[in-house]
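Just so it is clear, A, B, C, D, E, F, G and H label the chains in written order, and each chain counts residues from 1 on its own.
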Amino acid sequence: MRPADLRALLRDVKRGNVTAAAAAKRIGAAPVERLEFATLDHQRALRTGFPEVIFGQGKTPAQIVAIARRLFERHGVVLATRVDDAGRAALAAAFPQAELHGRARCVVLRRRASRGPRAGGAGQVLVVCAGTADLPVAEEALVTARVMGSRAELIADVGVAGLHRLLAHRERLRGARVLVVVAGLEGALPSVVGGLVDRPLIAVPTSVGYGAHFEGLAPLLAMLNSCAAGVTVVNIDNGFGAGYAAHLINRRGRS
Amino acid sequence: MRPADLRALLRDVKRGNVTAAAAAKRIGAAPVERLEFATLDHQRALRTGFPEVIFGQGKTPAQIVAIARRLFERHGVVLATRVDDAGRAALAAAFPQAELHGRARCVVLRRRASRGPRAGGAGQVLVVCAGTADLPVAEEALVTARVMGSRAELIADVGVAGLHRLLAHRERLRGARVLVVVAGLEGALPSVVGGLVDRPLIAVPTSVGYGAHFEGLAPLLAMLNSCAAGVTVVNIDNGFGAGYAAHLINRRGRS
Amino acid sequence: MRPADLRALLRDVKRGNVTAAAAAKRIGAAPVERLEFATLDHQRALRTGFPEVIFGQGKTPAQIVAIARRLFERHGVVLATRVDDAGRAALAAAFPQAELHGRARCVVLRRRASRGPRAGGAGQVLVVCAGTADLPVAEEALVTARVMGSRAELIADVGVAGLHRLLAHRERLRGARVLVVVAGLEGALPSVVGGLVDRPLIAVPTSVGYGAHFEGLAPLLAMLNSCAAGVTVVNIDNGFGAGYAAHLINRRGRS
Amino acid sequence: MRPADLRALLRDVKRGNVTAAAAAKRIGAAPVERLEFATLDHQRALRTGFPEVIFGQGKTPAQIVAIARRLFERHGVVLATRVDDAGRAALAAAFPQAELHGRARCVVLRRRASRGPRAGGAGQVLVVCAGTADLPVAEEALVTARVMGSRAELIADVGVAGLHRLLAHRERLRGARVLVVVAGLEGALPSVVGGLVDRPLIAVPTSVGYGAHFEGLAPLLAMLNSCAAGVTVVNIDNGFGAGYAAHLINRRGRS
Amino acid sequence: MRPADLRALLRDVKRGNVTAAAAAKRIGAAPVERLEFATLDHQRALRTGFPEVIFGQGKTPAQIVAIARRLFERHGVVLATRVDDAGRAALAAAFPQAELHGRARCVVLRRRASRGPRAGGAGQVLVVCAGTADLPVAEEALVTARVMGSRAELIADVGVAGLHRLLAHRERLRGARVLVVVAGLEGALPSVVGGLVDRPLIAVPTSVGYGAHFEGLAPLLAMLNSCAAGVTVVNIDNGFGAGYAAHLINRRGRS
Amino acid sequence: MRPADLRALLRDVKRGNVTAAAAAKRIGAAPVERLEFATLDHQRALRTGFPEVIFGQGKTPAQIVAIARRLFERHGVVLATRVDDAGRAALAAAFPQAELHGRARCVVLRRRASRGPRAGGAGQVLVVCAGTADLPVAEEALVTARVMGSRAELIADVGVAGLHRLLAHRERLRGARVLVVVAGLEGALPSVVGGLVDRPLIAVPTSVGYGAHFEGLAPLLAMLNSCAAGVTVVNIDNGFGAGYAAHLINRRGRS
Amino acid sequence: MRPADLRALLRDVKRGNVTAAAAAKRIGAAPVERLEFATLDHQRALRTGFPEVIFGQGKTPAQIVAIARRLFERHGVVLATRVDDAGRAALAAAFPQAELHGRARCVVLRRRASRGPRAGGAGQVLVVCAGTADLPVAEEALVTARVMGSRAELIADVGVAGLHRLLAHRERLRGARVLVVVAGLEGALPSVVGGLVDRPLIAVPTSVGYGAHFEGLAPLLAMLNSCAAGVTVVNIDNGFGAGYAAHLINRRGRS
Amino acid sequence: MRPADLRALLRDVKRGNVTAAAAAKRIGAAPVERLEFATLDHQRALRTGFPEVIFGQGKTPAQIVAIARRLFERHGVVLATRVDDAGRAALAAAFPQAELHGRARCVVLRRRASRGPRAGGAGQVLVVCAGTADLPVAEEALVTARVMGSRAELIADVGVAGLHRLLAHRERLRGARVLVVVAGLEGALPSVVGGLVDRPLIAVPTSVGYGAHFEGLAPLLAMLNSCAAGVTVVNIDNGFGAGYAAHLINRRGRS
């Protein structure tokens, strides 16, 4: 319930259009919908600009389909992440229009005419990724930013040990409104890219590595200590979070 | 050297205005200035939009003053962070116009007429902080965002254990273009604020705590695992980094 | 052997009803029962108010059934936790009256007429849980508190990123005698709930998360550093321990 | 604002006694008081049963005295923890009736006639501590429980390597309503005490140790893994939190 | 080559019985035997009193049998630890006299008449273990101490949360020459036993636990910080190492 | 593009042989080849002396074969590491001349006449390994150094607990140009070998161990703290990296 | 109270020499003495063979002197460890016969005629130490073993990077009944020594090192993973614990 | 004693020039010199090519001077590292020819005519360092490599966030025989440099940073996971170790 709604409701109470008891209940009540295995927060779309995203990990295909159905009916757009093979197959069977992103383990449902739930960003989200093995995380970021309404592109396989591959893209790097930089191993790429541009940069460490990599700890610490100013960081392998934040930065807002 | 400059240079080479040797040198050369104890990167202002920031920790007052003098002459604006009492006193003595920020341990130098080195942001940076002890970090973010040209404000002492204090500011939270949320202890504030707004949010863990806090590790991990989408994180106590990234998000750009 | 028993025994020794040797043996002896694979401590029910609980992890179905049979014969009530599918099936086959709790992976055996081994608590245990994935741990706490004799209820899926869902339950939260708050990810829920109530609150971190979550370390540290006073913490995923402690707090005692 | 207050306010709005605008403001407003360096949350006493506690660490003596004065005027009782020598001296000078607890580094202010801000607990809080070096933490728990209104006592220096010292107190251990068990080194005491009683037990690890103790990590992990059911844990050296939770468990409540 | 052998060899060189070249070669040479997949150090039995022990983990059944055959021929006694089901079956098929210890995952081969490779200890090794799940590690210690020639016995399932079970064995604890104390969870048992006896005590942490146990880290740290003097520690789950060290302490020696 | 090439290109621009636009493009362009799943950096061989090495982990057999084919055509030599059974079978089927190294999980492809892509080292790389279980890592180092053109040999199973085995090889140790020392468990071997020689020594910790070994952390820390000067360290189980660096040290260079 | 005493007491009860109430009290009572700041456990000498040792860290000189006086009167021998300069001066002033061990930070008090509280060990404790900086810990072990009644000697500065220094002492190493091996840096010495002898060996990691040494963690992990059988480990810098355990192993016992 | 010496000695024994007893003693004896506080290993120079280096940390000025005097008399060259202000002053007073390196905290003593203890390297050691704060560690490497006989140079302040500064030195980077790359913060520099050259590269992480830097852990992990092949790593802040290893790689050898 937004402030303007609250004031309107209170005016109704004063005029006798709404009883005090009903108003008290409405102030406290939340427009949530309960399935047997989940509580859907439909108010979220109003509050944060996008309906709840389905986090597929640990859910059965049937549960994912059921939740997707409700969200799709209500909001006309659905993003499901970390959906395994069985889950993607189930969604494909249930929704003919489902867009499957195998490597990114994402599925998108969208009403035909719609371009997304909101006006797209003015600029571009550019996802940059260090190695082939980092691609699933990079594509999760890409899919997320796009489904939310941003233009988004990918530059892949430009690790710091072969600088010429990266420097060849300098122009594109500088043209973006916001960058998402994905890297495993030592996680040096965000620092190098961050030194080339003057744009917000979201760094995503991945679990790609072995031994003293500690499943992503090494690049996570590296990125938190980046010598390039303007770098912020998300959790290990969290392509979704990076894409989501990148869209929030990119989109046209009230301000 | 930006791409347009490179093309211009190559045209000059072709026309014979510049020799090949001179051009090769100029392509490789960096307009850096060497002091006895530091190498100043004056090209940085062109590349990333703001001159080098002085990281005061581990530098003597004399070194800080010397570096500040060069940067100020060249760029007309200087930000020095993590400057201790002696360093701030030395800067105050050397620069009558120095703005001292004691709690934030920052000093700002600015030419009178200038509002900053570049056009300010269209919207507002809002810094929110959980406890009194987190104020130095919050103010470092505030000062940084302002000196770079953003409008920025602070809401202090709104920890999650007293939700009403936070909810009273809901309107202001939603009006910001980008939020910086600073918290020590368990670092829960970014998740709560992130659920109330649909704006990019930069979380800053602080070292305020004891025991199993491990000097900021507890809120750092919490923030990286935030259940609110759109949250990105910087290093422990890195108010500067958060303010810098917030300005990059906020400012009007080419896109 | 409780102090009163010791005094009685010593009086018997004085009167010659019991020999010194027999008394010495009885003071040292423990009424334990040895199976081939376990030593059952039947004295425990006297000492701590509830018979030994079967920790199913790492035990075969046959072992679980055998231990359950002895405990049930002697005490009329049995709680088995962390029992996998095969173990639950074996208990269901062996005990027609077995109550199976699939998601919580618990099984309860109870004599018909009995309401539990002891007088129930005067108030209510309220279990609150942040996300769907935390439900197994929350339900383990719920089942434990109930089998021990407490009234206990559950509020599910009220994460901090959707505060309105939580605040809608404020009345119920304040009506409880003791709260168990279960959360994975950043573990912020106990701090928020703890700021709303003046009741003892037991926080349970779960292993729900990925990356820098480190299988529960992130919410564990967060909860240990909670800014809300009155919060105590149990091990990661330890719903049983939280339910047990909640019952001890809730039940009517000698004092 | 408690639910009953909300309903009353809404009735006033209906009757025209309060305008809609004023009501909207009051619903959102928090009765907080701003000093230059802190925001006092006077509503907290209503909400959680005790006024804000002053956490002395990192505050100047003058700040502590100023905050104490406001809280004392409003609530008639003040607890300040982690107050160093200078802070305790300043409070003693400002408040003739101040109770100083040197080893626990606490100060208590109380109006003469008052027994505390609320009815005391029906039973007793028993604080048990393993070694001499753990005493400051144990006494912080003791002082906290007492100032909140509980009867509380201390058994000191009963480490597990000299079991007879502990077993000599078995009777007292069993007579308590709730136990706080404080231990450094290997942190084994809560498990041993927990096996002797059927009462809630709050374990407090201390930073007393060296080497692979890692400043309290060793006993913290030990306590989280205690084989005794009913044990919950607070942060390293957090005697205040343990005493606070113990009082919430012990006190007579609505239920 | 022991010092006396060196002196004898040098005398032979002087007398011309051995050439200088041959002597230089013999001083450097080691009586090792090379299989395709291992280098057996037969000199070890002379040097440390027991032939090489076969560490079964990561070896195929065929490799284990081949190594066992060589060692058995040469030394008449073999101990193989961490041998899985297939390995134990292969050894049983190859050596009719093989003693299989299923739970301890050990196999012993011994010539009939022999009581072991050396004189047994004068006293007794007593292995004490906290929970049923710690038995495999405890039995590995037991088997190791016995095969080396010590008398060794086991007391099982005497955790600290049921002290009476432990105290009932006080007499036996004090009668041992050396104790091996095995515990998972919080690892408190060595401290309690160490306070009851004046004998060397070897503590063995096990990986039995979950969550903040970190696969044995919790009891490892606890045991390293034991408040009972005379406690030394081996690696997590290292029953073999504890049994080996216990035998070295127990056996009759030159001194 | 090496400096000499840049100068030549600029001269061509001046003479009008190359347009400014074409030159600008060529300065930025990189001779990379894109497959559907990888970007091959053929320039690497020029830059660092060896074509890209295929890191097999996480790639399908078909992908490995496809990448190997392109690299082999272009460079005449291919090294693939961390190739599982299926991958090695696929390479064997596709390339009759493939050299399979099962235990090291490596495959080498080489044109008949060629001895490697460059002149071999003047001296010898000596790989030393502590236990049988460390052999796969040691052999990965061996294969890598050889395929790059160094003479390389292996001394296996010379752990520090049987010093005579190691000292028997003293002569060979001192004859090497560079040593690679591979060890799991406590990782002491590099310190002992480092004290015997005056040659560069690369230490490789392995994940061979259990419990407080933390999958290689124990020997990694030991090697980083080696008391022998001249020891440098690579990642846990990184035999490839050690062999590569050893070859760079060993090979004849410009200097 | 040992079993024989218990039986005697019970016989007295039967004969009427002792009342049941008095007996019950005596069974529970412990002969402890309370000072204002400590509880002395005089029964400990009976139970474990040596009076309580004073752990000087965190105690004032006055407290140390007071405790020492009581222990000395009762037991005729006192060991105080981790006593700083002021504490040692205070003990020297109070006890003319005090033996001061500056580098080991220990003080010993002993009655003239006495050789220690009990018969010395039959063999010898040999303390071996890797570097000069490890000497304080090594000497703490030496002093402890001696004051308890063992013959004990020291071999210093025999690090593994200079094997010949160590091997020169082979004879002495093999002559000891038990070894204490002290090392910082990579902690390799116990593995090397352990491979040379067939005696129990207690490894003591020290905090001597920097960087990835993590104040003793590196050698602690190394020692726990030693490839030499028979090695047990104590806490970082715990020379006292090692010397104490070494004496228990060395001394003549009942067995 | 090198093999040739051993053979010669044995021949002397045969000829009767040396008795067997004397030979046995000489084989075992080490030419060490004992001061009150240290054991000097003069044989080290023969064995590893450079006399013992004085590690100044934890030594008094008087001790450092005494050790330096002995080493200088015997070997004519001394390197002392981690020498604080007082220690450097004492060495300067004692040795007029002392070369003081203040920032590197090193002191070098050298006989006038000598160029070092051995033939210098054929090529050049190039030390590269990321930030001003990393200079002390970089200079320690530089001084070490030089005193051992290598030509060595330094490139400072070329962090990855300003690539042009680094790329300007590409030619010099490629001309070196071996590189030492020193970096704090995220430690990305070795990966970037490693991708530009085909020379051995030793990476040195420094403790320069704060928060999630964990005093050098972040760059240490990054460097161990470097995506550039040929990178090896030394301990945090270990400039000495890097310089020493670089010299061993660079110097002209037998091979």
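The rule we apply is simple: a residue touches a chain if its C-beta (ideal position, glycine included) is under 8 Å from a C-beta of that chain, and two chains touch if they have at least 3 such contacts.
Quantities reported herein were computed from a predicted structural model and do not represent experimental measurements.
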Contacts common to subunit A and subunit G (chain labels):
C, D, F, H
Would you kindly tell me how far, in whole Å, the mean C-alpha position of subunit F lies from that of subunit E?
39
Centre-of-Cα separation between subunit F and subunit D, whole angstrom:
60
Contacts with two or more other chains occur in subunit F at residues 3, 47, 162, 167, 170, 195-196, 211-213, 217, 220, 224-225, 235-236
Between which chains is there touch?
A-B, A-C, A-D, A-F, A-H, B-C, B-D, B-F, B-H, C-D, C-E, C-G, D-E, D-G, E-F, E-G, E-H, F-G, F-H, G-H
Quick check: in the complex, which residue numbers of subunit H touch subunit A?
130-131, 159-163, 167, 185-188, 191-192, 194-196, 209, 211-214, 217-219, 221-228
Spell out the part of subunit D that touches subunit C in their complex, as residue ranges.
3, 47-50, 53, 122-124, 170-171, 175-178, 195-200, 202, 220, 224-225, 229-236, 240-242, 244-245, 248-249, 253, 255
The subunit B residues in contact with subunit H across the complex are 1, 28-30, 32, 37-39, 41, 43-44, 47, 57-58, 205, 207, 215-217, 220, 235-238
For subunit E, which residues are in contact with subunit H within the complex?
3, 6-7, 10-11, 13-14, 16, 19-21, 23-24, 27
Looking at the complex, which residues from subunit G come into contact with subunit H?
132-133, 156-158, 162, 164-165, 167-168, 170, 208, 210-213
